[in-house]
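In the two assemblies presented below, chain A is common to both, partnered first by chain B and then by chain C.
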Partner chain A sequence: MIESVLRATLLGLQLGMTLALIAAGLTLIFGMLDVINFAHGALYMLGAYFGTVVAGQLGSFWLALVLAPLMVGLVGAAIEIFSLRPLYDRNPLYHILLTFGVAIMIQGAIIEIWGAQSMQIPVPDLLSGSVSVGPVNYPVYWLFVLAVSTLLIAVVWLAIERSDLGILMRASAHDTEMVSALGIDVSKVFTGVFVFGAVLAGVAGVLLGGSRSVHPGMGFGIIIETFIVVVIGGLGSFRGAVYAALLIGLVTAYGALIAPTLTDLFLFAMMAIVLMAKPSGLFGATEAA
Partner chain B sequence: MAAVSETPAADRASTAEELLAVDSIHTYYGQSHILFDLSLSIDRGEIVALVGRNGAGKTTTLRSVLGLTPPAEGTIAKDGEPIDGLEPYEIRKRGISWVPEERRVFGGLTVEENLRLAASTGEGDQSDGFEDVYERFPRLDERRSQKAGTMSGGEQQMLAIARALLGPETDVLLLDEPSEGLAPQIVDDVADIVRELNEEEGVTILLVEQNAEMALELADHAYVLENGRIVHDSPAAELLADREAMEGYLGVK
Partner chain C sequence: MSGKGVGRSHSSTTSGGSVSRRQLLASGAAVGGTAALGGCLGSREDGLTVGFALPFTGTYALLGESIVDGFELYLDQRDGEVNGEEVELVRRDTEADTNKGVDVTRELLIKERADAIVGPVSSAVAMAMIQPIETESSAIWFNANAGDYRITAEGCPEYHFRTSFNDWQTSAPLARFVYEEIADNVCLAYADYAFGQNSKEFFKEAFEELGGEVVDEVGAPLGTDDFSPYLGDIQDSGAEAVYSFFAGGDAVNYVNAFSSFGLDEEMTQTGSGFLLANDTLPAQGASALGMYSLLHYTTTHDSDRNRTFVENYEQLHGGSPNVYACQGYDSAQAFVDAVEETGGTDPDEMVDSLVEMEFDSPRGQFRFNPDTHEPIHNMYVREVVESDDGESVENEVIDTLEEVEGPAWGCSN
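== the complex of A and B ==
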């Protein structure tokens, strides 16, 4: 009993932290650009595919972990500069149509290039096998995923709270026009935030590509879960996204222990309850004055 | 010239150096035509008041200069160089700063963070600017780590002014209704600050006000705006003394 609870806790934390990596970008992009990025799942998926390619061609998982997210960042920059930028002044419906279209294009390109079959990123020997965590025998790779994603989230958190860049991001989320009138080129900030979100999603793609299967459906698969996280946490709130991601991760893991067939229902029920109790999400609208 | 004149506008015609020239602009929000053939001229060192009733187009005039709502026609020049068509951030870098209506401080950020953000666009070490600002606004110094959104209206107004002064050097400050919603005592404080900035720091000021009397007492020159058109242009004291005009244009009895 204790063993399965401990195992589920570790699994839930790992799930939560990787989800946080993806949700962080989605929520920051919404908070600052006012764009709901339906292509975010596709960026995560690209991370996994680029990871597969780099690891396959260069034979190094570590290089894949660094290079693939940067490649996703480049794709993100292209999406923001060439397709989103001309549409900022338009009705949000355009953003949804555009990013949804981009997601479908990326998925189509992936099937065209790599086919529809599943792949996996080979994990280095150092990270294979398992270790005992107390009474539990747990895969080393999963612990590695937990450690890397936790570390990244902690660094991003600190940067947002403390650095000048974080101040700029919070101010832009609040009042973009005012920021531009202070002498800051907001369009650069927008591109930066979009690329940053894309890179984080790319990291999650590589990390999960080593433990789950890499296939063309994974982008749309993850986006629903990520949306639930962002809505529960409060659209635009980074802190909220992290807490909500952990909550969802743990609920999913414990749910699998108690009633595996009902976990999806749990998630939607949680979202409904939060929305009824606090429509702006757990941390929504606390940022604004 | 024998002596430096006390009031910069006294010899407006002879020695004045034009800092900001707005020439025949037309500005729209979408389809609605708001400003009509509007021209303004502001000399270096002056305080210029822009007054008019609700909805006359005062804020839109400032937004046009700042590049936030660029005019469709006409030109705007600072120090003789055209600035219309530039992005708002480029216009700020040319020395034009803005204290917006309703102050628009970043409420979720602390006072210090608000100021750090403004200073971040300046060149070189900004710590002197910081100390100057804290010296001029001791209330802000006391409240460095307070969230800006929890401060009083007067304190937020001080923060909005301080924020506009940090970063790239400010040549001309556009103030949009700084007295709005403030207690009379605080309005006096704001007026004192505007005068000090002008006299001690040499900042040129374009002051938009509903509170016409306060603005005209401070200003050297005055423009009255009505339905998007300049309908009066004279030394501020002249307008202030003209009871008929004051009542007709501004409803002040």
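== the complex of A and C ==
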């Protein structure tokens, strides 16, 4: 029993931190650009596919972990500059339709290029096998994923709260006109935020691509969970996204222990309750300007 | 890839049901296709029409494409002709959706006047197709993948011929191998939906009949990404072996997690062949080594017939054939044989011909049970081993269960 709970806790934390990586981008993009980015799951999926290709061609997982997210960043830049930018002053419905379309296009391209069958990123020998964590055996790779994603989230958190760049990002979101008047090119900040979100999703894609199957449905699979995270955490709130991601991760993991078929129901019920009790999300009111 | 000799190209037909006839014909014409053109001018008297009701988009797209590729290979070997008549292939996307499946089936039967329907992949779609096909009774239905036994059990449809397998065949016959060679106690782990539940029930029934004990049953929802909570239950069961039904991405996630957690050192993994299939093994890699499974077709199966099939397939389509391609190929064999033997496409005459038919399939000798129209074929117990180049893994056939038939499901003639 203790073993099961410990295993579930480790899994929940790992799920939570990787979800946070994806949700962070989604919530930052919403917070600053006011865009609900439906293509975010597709960017995560691209990370996994680019990771598979880089790891396969160059034979190095580590290169994949660095290069693949940067490649996703490039795709993100293209999406922001060529498709989103002309639509910023339109009704949000346009953003949703556009990014949804982009997500479908990316999925279609992936099926054309790599086919529909499952793939996986080969994990380096250093990270294969399992180690004992207290009374349970746990795969080294899964612990690695937990460590890397936690570290990244911590760095991003600090950067947003403390660095000049973080202040600039928050200022641009708060009062675009004022920042612009101060001589700063806000459109560059917007592109930067979108690319940054894309890179984080790409990292999550590579990390999870080593433990989960990489397939063309994974983008739409993850976007739903990520949305629940962002809604519960509060749209636009980075802090909220991280806490909510951990909550969702743990609920998913414990839920699988107790009632596997009801786990999704738990998640949606939680979202419904949060929406009824505090529509702006747990941390929405304080940060979403 | 070339679609030569057969009126169709590989350009993707992603716009679903609206894949227009014009589009199809255009692509057929583009590769010098032949048969389609006559049809579009309104005269449908000449030639044979085969309608594919298969998923060409979504999760099961690969399966749909493979079935068509297999079917095409056989026609290609016959120069696209049967009895001197051209064969027109009409593809319709079911999108693995029940309603859509019924719509395209009706369209193929009534508008396209198909002589045979090939498909679907999903059993839920197949259940919904029974009624339109039986009501029209104008075409033979070659079920090239949907394996749920209830398609036969609920009404023994007259025009339904399973050129694939049923879920009893890919589960129950493995029980004896597991009981005699591996362990007398197992834990069952399965994807918690109709097909997974059927498979584990059939296995359980057969295993207990032999005197084996099922220690625990662990169901995981379809589309599970992280199996660690379920692996905990499997490990705690203390069983010496596990029998599993998972397929596709679930199979990859399950097998990799099973080995990552070191369960492969404590218990022997066995399962239906879809757990360790051509489309999952590359992603499973070394994690799958030493696992056993049961299926009716294995690409590496050592027979002259299969080697020829694999070579021809690779030549035409590039890439080795999977079990779905074999099912498509055998659908074509059955169709062509029936047309040739009856000299036409009268469905009732074709039924009479099909129930007596026996042909040489890449999987071995193949015939239909005259009462159930279920396949009678060999099932192969396979073990995952390192391939000769040492770089990848593959299935090696270690035991052949001959002429596996299965229950009659209350059907009789």
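Note that the second predicted complex is superposed on the first by the 287 of 289 C-alpha atoms of A that agree within 3 Å, B and C clash if a C-alpha of one lies under 4 Å from a C-alpha of the other, contacts with A are read in each partner's own complex, and residues count from 1 in each chain.
Keep this in mind: a residue touches a chain if its C-beta (ideal position, glycine included) is under 8 Å from a C-beta of that chain, and two chains touch if they have at least 3 such contacts.
Just so you know, these numbers come straight off a predicted model, no measurement behind them.
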### Task
Examine A:V195 and indicate which partner it touches, taking first as chain B and second as chain C; both and neither are also allowed.
neither
### Message
Tell me the contact category for A:V54 with respect to chain B and chain C: first, second, both or neither.
### Response
neither
### Query
If you stack the two complexes on chain A, which partner ends up touching A:E177: first (chain B), second (chain C), both, or neither?
first
### Message
Taking the superposition on A as described, I'd like to know which of chain B and chain C A:V242 touches: first, second, both or neither.
### Response
neither
### Query
Just chain B (first), just chain C (second), both, or neither: which does A:L98 touch?
neither
### Task
Mind working out whether A:P122 is in touch with chain B, chain C, both or neither, as first, second, both or neither?
second
### Message
Which chain, chain B or chain C, ends up touching more residues of chain A in the combined arrangement?
### Response
C
### Task
Show which residues of chain C lie in contact with chain A when the two form their complex.
12, 14, 58-62, 192, 219-221, 223-226, 228-230, 232-233, 236, 248-249, 251-253, 256-257, 260-262, 279-280, 282-285
### Query
Which residues of chain B touch chain A in the complex?
66, 68, 87-89, 92-93, 98, 100, 104-109, 113-114, 116-118, 120-121, 148-149, 163, 167-168
### Query
Taking the complex as given, what residues does chain A use to touch chain B?
164, 167-168, 170-171, 174-175, 177-186, 286-289
#### Entry: Contact set on chain A toward chain C in their complex
3-4, 7-8, 10-11, 15, 108, 111-112, 115-120, 122, 128-130, 137-139, 141-142, 208, 211-218, 221, 252-253, 256-257, 260-261, 263-264
